[in-house]
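Contents: one structure, followed by commentary.
Letters A, B, C and D mark the chains in the order given here, with residues in each chain numbered from 1 onward.
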Amino acid sequence: MITQDDKFHDECGVFGIFDHPEAAKMAYLGLYALQHRGQESAGIAITDGEKIVCERGMGQVADIFRKDRLDSLRGHCAIGHVRYSTAGGSQLKNAQPIYVECHRGEIAIGHNGNLVNAPIIRSELEKEGTIFTTTSDTEVVLHMVAKSRQSRFVDALVDALAVLKGAYSFVLLTKDMLIGARDPWGFRPLCIGKLGGSFILASETCALDLIDADYVRDVKPGELVIISEKGLESVMPFPQQRQHSCIFELVYFSRPDSNVFQRNVYSSRYNMGRQLAREAPVEADIVVPVPDSGLVAALGYSAESGIPIGFGLIRNHYVGRTFIEPKKSIRHFGVKVKLNPVRSILHGKRVVLIDDSIVRGNTSQKIVKMVRSAGASEVHFRISCPPTIGSCYYGIDTPTEEELIASYKTVPEIAEFIGVSSLQYLSLEGLLTATEDPEGSIFCTSCYTKDYPVPMPKESFEQLKLFHKAAEEQEEREKRELVVARN
Amino acid sequence: MITQDDKFHDECGVFGIFDHPEAAKMAYLGLYALQHRGQESAGIAITDGEKIVCERGMGQVADIFRKDRLDSLRGHCAIGHVRYSTAGGSQLKNAQPIYVECHRGEIAIGHNGNLVNAPIIRSELEKEGTIFTTTSDTEVVLHMVAKSRQSRFVDALVDALAVLKGAYSFVLLTKDMLIGARDPWGFRPLCIGKLGGSFILASETCALDLIDADYVRDVKPGELVIISEKGLESVMPFPQQRQHSCIFELVYFSRPDSNVFQRNVYSSRYNMGRQLAREAPVEADIVVPVPDSGLVAALGYSAESGIPIGFGLIRNHYVGRTFIEPKKSIRHFGVKVKLNPVRSILHGKRVVLIDDSIVRGNTSQKIVKMVRSAGASEVHFRISCPPTIGSCYYGIDTPTEEELIASYKTVPEIAEFIGVSSLQYLSLEGLLTATEDPEGSIFCTSCYTKDYPVPMPKESFEQLKLFHKAAEEQEEREKRELVVARN
Amino acid sequence: MITQDDKFHDECGVFGIFDHPEAAKMAYLGLYALQHRGQESAGIAITDGEKIVCERGMGQVADIFRKDRLDSLRGHCAIGHVRYSTAGGSQLKNAQPIYVECHRGEIAIGHNGNLVNAPIIRSELEKEGTIFTTTSDTEVVLHMVAKSRQSRFVDALVDALAVLKGAYSFVLLTKDMLIGARDPWGFRPLCIGKLGGSFILASETCALDLIDADYVRDVKPGELVIISEKGLESVMPFPQQRQHSCIFELVYFSRPDSNVFQRNVYSSRYNMGRQLAREAPVEADIVVPVPDSGLVAALGYSAESGIPIGFGLIRNHYVGRTFIEPKKSIRHFGVKVKLNPVRSILHGKRVVLIDDSIVRGNTSQKIVKMVRSAGASEVHFRISCPPTIGSCYYGIDTPTEEELIASYKTVPEIAEFIGVSSLQYLSLEGLLTATEDPEGSIFCTSCYTKDYPVPMPKESFEQLKLFHKAAEEQEEREKRELVVARN
Amino acid sequence: MITQDDKFHDECGVFGIFDHPEAAKMAYLGLYALQHRGQESAGIAITDGEKIVCERGMGQVADIFRKDRLDSLRGHCAIGHVRYSTAGGSQLKNAQPIYVECHRGEIAIGHNGNLVNAPIIRSELEKEGTIFTTTSDTEVVLHMVAKSRQSRFVDALVDALAVLKGAYSFVLLTKDMLIGARDPWGFRPLCIGKLGGSFILASETCALDLIDADYVRDVKPGELVIISEKGLESVMPFPQQRQHSCIFELVYFSRPDSNVFQRNVYSSRYNMGRQLAREAPVEADIVVPVPDSGLVAALGYSAESGIPIGFGLIRNHYVGRTFIEPKKSIRHFGVKVKLNPVRSILHGKRVVLIDDSIVRGNTSQKIVKMVRSAGASEVHFRISCPPTIGSCYYGIDTPTEEELIASYKTVPEIAEFIGVSSLQYLSLEGLLTATEDPEGSIFCTSCYTKDYPVPMPKESFEQLKLFHKAAEEQEEREKRELVVARN
């Protein structure tokens, strides 16, 4: 990617289906609907009751699973996984589902989330002579399951999860079971659906919609659902915790047509926009969303403020993975291949620009310049959530804290940096109101507060730093290669 | 494609650049910006003043022209072309630019439009012993140029164009010239831009925007612009005609951030929406656009009517070229892989659904069903142009007249067929008002009136029928293969 | 190719089949058997009696025609073509069969040979306003056919061929005919086979063998065979000529298991080896063939001389199209990736090295160095044909005369250049004896004598020079790119 | 592969290089030279002293490692591996080198051979909670190394190898060491080379030849060579065993230009042919090798018998991975795409046909039929080693014993089955004489004697049976798919 978009990113989407004659195709469609949660790699593991076959590849679902390959995946139970390209780990070996054999038989697992104490446990396991074939924290789970003294598979899994801290929504496949698990804090979403007699697990309800499945309920925080020939069994083996579901799923990650955490994403964003208009009004001529992240909030802002909405920035629908940049750089090239301003909408106007967040600030800066050079007389930037000052350790790909512009600049300083007439963020209270959690008892808001519900051990920080270093090196390398490519 | 979208389609986009050190990369970016005008094939022809090299491929620009291939295209003048997959002709041999050698040297040409008398002339040329290597009408032009008795290249081109009737916006490349030509009726757009000292030709201004070029002016109807070392020379060799620019460019084809025919596309569509609200008001709770074709008009309708806008249909951004459909069909599958309804927006609401057109009616029917099954209490369908009752012979891929639902059903009948509470179209007067042509003296509106400015000869109809037959056969074949593929 | 092998090369192989339910697969297998005649591009044109479909691609037959693509080629009559990469023309547009439409309907043609007066006729046709889409001389034939005043297709083809001079073995396909044609001199081979009721045309009999077809007879020099529903009709429309079949087909091009020109290739080569032993005996310990070109002649030499044969040079069977060469060059790398000496066979031995020819001399030089560094005490080089002093203008890719080492060095000088203890060539008389043409009345031997049966017009020389210049430039460019690639 | 060749197959080739500026390219070339030892998958692991990167792919070396990919492999020490497609295991997950992380750091390993007690140890490890990600026995080694209590890496490796029984030639890479290891019986070859100051390990000397490296010596049976900055250290930690090097390396597997087990392969095969002529003479007109397996032995037979050699079977050099077979089968199709008889050589002749072995007998039968139908009056089949009656458990892919024709038929019965005039095998004594081991003290000959030097535990047999079952199922499936593909 020559153009890094300046967003937080969900790391993964998961899907599972039990007892369906076209399990592979359903997994394929489920992943296709969840594609926005990860475009780097995708995989499907399937069982016919005899053995598990697991196929993974780099790229998007529809590119990896052509007809031939999909047809070769025979079976009636399957899990699937899409993965976002987190820095430093863009290799096939880190694609999921992960498949292993052990004395409990064949297991495949797909993981959305991040286990904060995985590096410590991994280090201990390594000391005992355990070998690892991926850099993924998910592999730790499988070792724990294999090593557990419990005789029942599910008990072994509970044993393993009891030790692991952090965020996880798992789908796990054996020859005769599909298991869904969600951490006690409920960080990442996972819902249960039903299509005829087949149970389904999915990160978001939009995956159910595509295959005509009905939404049953969410997997509860701390719940394991074991789906087998006997039906769905629910286990709640862990001490209850205050729920901490990721509010950013509502702010940006999930698709607007999904429901997550029992809230409709579209409505939540619309409410954020309305609330933002109440908290941060401005005299202006037009409300312009940054597509597509600011789209729904902009509608809410427009409705509440009475200022008409206008699509002053048009998104190119054919954005591919790579562009070849000319040697002599074009102004705002990275932003321009994605967005183009509509001069007739912006010229001479006082613009309220709406986006969901400012991360590092550089992309926002370019967009604002583009809007100004299209003739906007004023640009008032409104953000539909509070300033992001903390990194996430629960399954979201965020820059290090030092890179987050709001961690080292005040709001006026940010406004100056990105060159706007005014800048305002939605308040945390406003955000919680918009997401129907006025008490703040359901959502994790640690990226706004640095108040982390599950602490990150020091060792994990070290590993994170290494990852970030590797990521930076890779970026540097790509930049250098880009320079070469430009010549 | 297993899912045929029910739209009229532009057949092509063209681009040209003269005297730029990175001509190939500029052509690549220009085509990338024009990608919405054709995704089936793309090509670039380039000259270094010594020889012309022409590379074409099936697919999208960014997939065809990887770095290596683009780097091999050395030269300072180039033309490019993107092509829509018209039925029956989806083969590499029909990709453009077309390249030939003749006694006038090497020539490459890219064509947007359709020459109505090409089949007659082709038939005559064939009788004289001329051979053809494509099924494209564009090839006729080159034969005429080669056979002309004129000694100057431009005179030969004028000779050829004088005989040809119909719609064309050409870009033509020789070793030392870039020529742009637009038919006397001005059916298809073509504009002139400038980047430093380099002249540019492009179907839409959005191609200029991406490469930071300035818009100079449109090529005039009937004008040839000859760009060479001596600069830009303009020739107007043909008797003047009443202008007939394709109004559908404003209704649907062109990108909203483009200007075509000296009008801004976004503003035109917004005005269509406003006018539609005036002409066809309704008591309702929410205005919902069919994305993305109804987006801008819906804004206008909402603004004028005061009914709030809501994105009740969410578009999947990862729509690929192929999906693998399950054996047991999913309801509305073809529409569902592209769109998903947002129940919270639609449930219990009286919805005004806005789209740009209804062609065959089947897709509209499915969308309406989806909206209803998401709980809408009423669905009022509003279309931002008049009923399309006539096929286009001027470079737009349309079904035959018999397939156009409005040609054989009244508006109430259509309403019944697609299952809406009410259906209203924008009037022709309203459309002309919205596009700033109240006298109706600039635009071609023949798809609404069947009043064709350049008649289609009988022979061409015959050929068209053959094409449609071939297209139908191909569709049948694909359907059969799909059935096989489902098993 | 980073390693240019120093050989003359056949430019093409052709195949045709009439009225077979699996015509495409048969053409595929036929081309597969003829693959040694051309590895740059391949193509198949097929008809179902209604229309002709033509598919071509760069590379080898089995890579271009995967199952899907082959299955899409439906019909019962087909022609196929494989093409060697002649310098300067390595582009898809020059791949064959060439397909055109004209007033005579659809035509596809595959050509093995070279028309010496094509440039003159092309130039005349261009003056009359004809356009060309390839740089191939074959296209001229099609224009001539299209322009002929004759009403019958075959008469038009005879008209065209009457004007064209040079070497050709054509296969030509219309909707209802398969035509084979061979020039009056019989330069290139073409035989007729039969498989059940289906007629077959092929460059060599090995193509018949693979599909279990029976050899019927050769197409005669100057004969046209018209295969249609009515069976096979033979026409001999041209004045008879003294036959001049290419003797190099027997020396090197054709597969040893083929019969061409009514001679078995293996036996001819074996006889060349025996004759060589008689003409050029030497005291030695072992006869070593340069694989695979010298293999059969070496057997003959060994048998006649009584010196045992040994495979002192082993060929790598996995030679791909590209190798990545290390930055720091390896001695004899280009030869070494193909051949490795067997020290135990060569060490301390007086070696008779047998090959079919020395073209530029550089490869021979490297091979001899390799043999010497493996310990051979003497290397006596024996060549199974006379010194090649003249370029070929009849369908063989040869260097220009100036590059042929035998055109500017005496045999002793060549011996010195390549570093052998002794060097001897087979005499022309010996070669003719070995090929059963002691009178020299059947074969073209112009590459040994410069006595050209069909003169090359001056204009064609000019064009040839241009091609060679382009080829050299391309080689230079590839070398430069290789240098870059090494860094 | 639609055509299974009826041969024993080596399972792998390995290569290693320490401290070379172009380690990746050298590994690439080394693998390219060893390509005949495995064409299913290939891989390279490389270290720059900081980390190990490991890239693997399905297919041949030159297809997997294009320039870009090879350039991305930066470092100065590397190992490489090519793998043969053993039944039931044709998946990327089984490609090597295998890469893991453990408390000893990163390790990559490439393995040629088979550990007979791996299934038992794996089963024990699984019981202890160890997970496996491949079905390869090689993974067991890494777990043992990781679990060893020894502090030094090499001691841990010795610990692991002490427990493992069977055949192995390993190359193993850490960040600062290249280790080569060969089992105490010396089943599989492994030699040491030197290129300037860089040490090299390779399965065969032909890999040294290609990169201009000098042969130093073989790794001794039971030896570990540890190559590091300190140079090459040799360790012989295991009790000495009677050597049992695989005689089939000389009979068929290794390249004739290689030396393995301190014997030249070409000379050994030539001696087998001579010995065979002494043991099994026959009155005949011509000696014909089955290419390429019988080539060198045929030379020996011809030399000793005085019967001239003739290449009556010509091999197609363009045999690709797949062929598309016609629906209506062609006689001997599977053999014919590879070999074509030369009628002029065979017709009316008494033929001595030479091959290295008969495995199942079906391919030999087809070849004999082909030779007979080309007109041979008698076909005397001579095999350059004894009848193969036992499966191999030491790293060779062989059918189960029941499938070996010689295990259930007498020589006369085999002769009848394959349809020859006479059949004779080389005696075991003759083979040992030809390979300079008249005492039979160096080679493993268990496939001829079923006298296994390292017994195969029962559990391993079970696993082997499962593999064979899986392989058969896969073959069945492929056959079925082929049938489908034919329609």
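Throughout what follows, contacts are C-beta pairs under 8 Å (C-beta built on N, C-alpha and C of every residue); 3 or more make two chains touch, one makes a residue touch a chain.
Predicted, not measured: the structure shown is a model, and the values here were computed from it.
**Q** Out of curiosity, which chains are bumping into both chain A and chain B?
**A** Common contact partners of chain A and chain B, which must touch each of the two, are absent.
**Q** What whole-Å value do you get for the distance between chain B and chain C if each is reduced to the mean of its CA atoms?
**A** 48
**Q** Could you work out how far the Cα centre of chain A sits from that of chain C, in whole Å?
**A** Their C-alpha centroids are separated by 59 Å.
**Q** Which pairs of chains touch each other?
**A** Those chain pairs which touch are A-B, A-D, B-C, C-D.
**Q** Would you mind writing out the residues of chain A in touch with chain B in their complex?
**A** It is residues 21-22, 25-26, 28-29, 32-33, 35-36, 39, 60-63, 65-67, 70, 206, 209-212, 255-257, 264, 266-267, 270, 292, 295-296, 299, 303, 308-311, 314, 316-318, 320-328, 330-331, 336-337, 340-345, 485 of chain A that touch chain B.
**Q** Which part of chain A faces chain D closely enough to touch in the complex?
**A** 93, 99-103, 123, 126-133, 135, 142-143, 146-148
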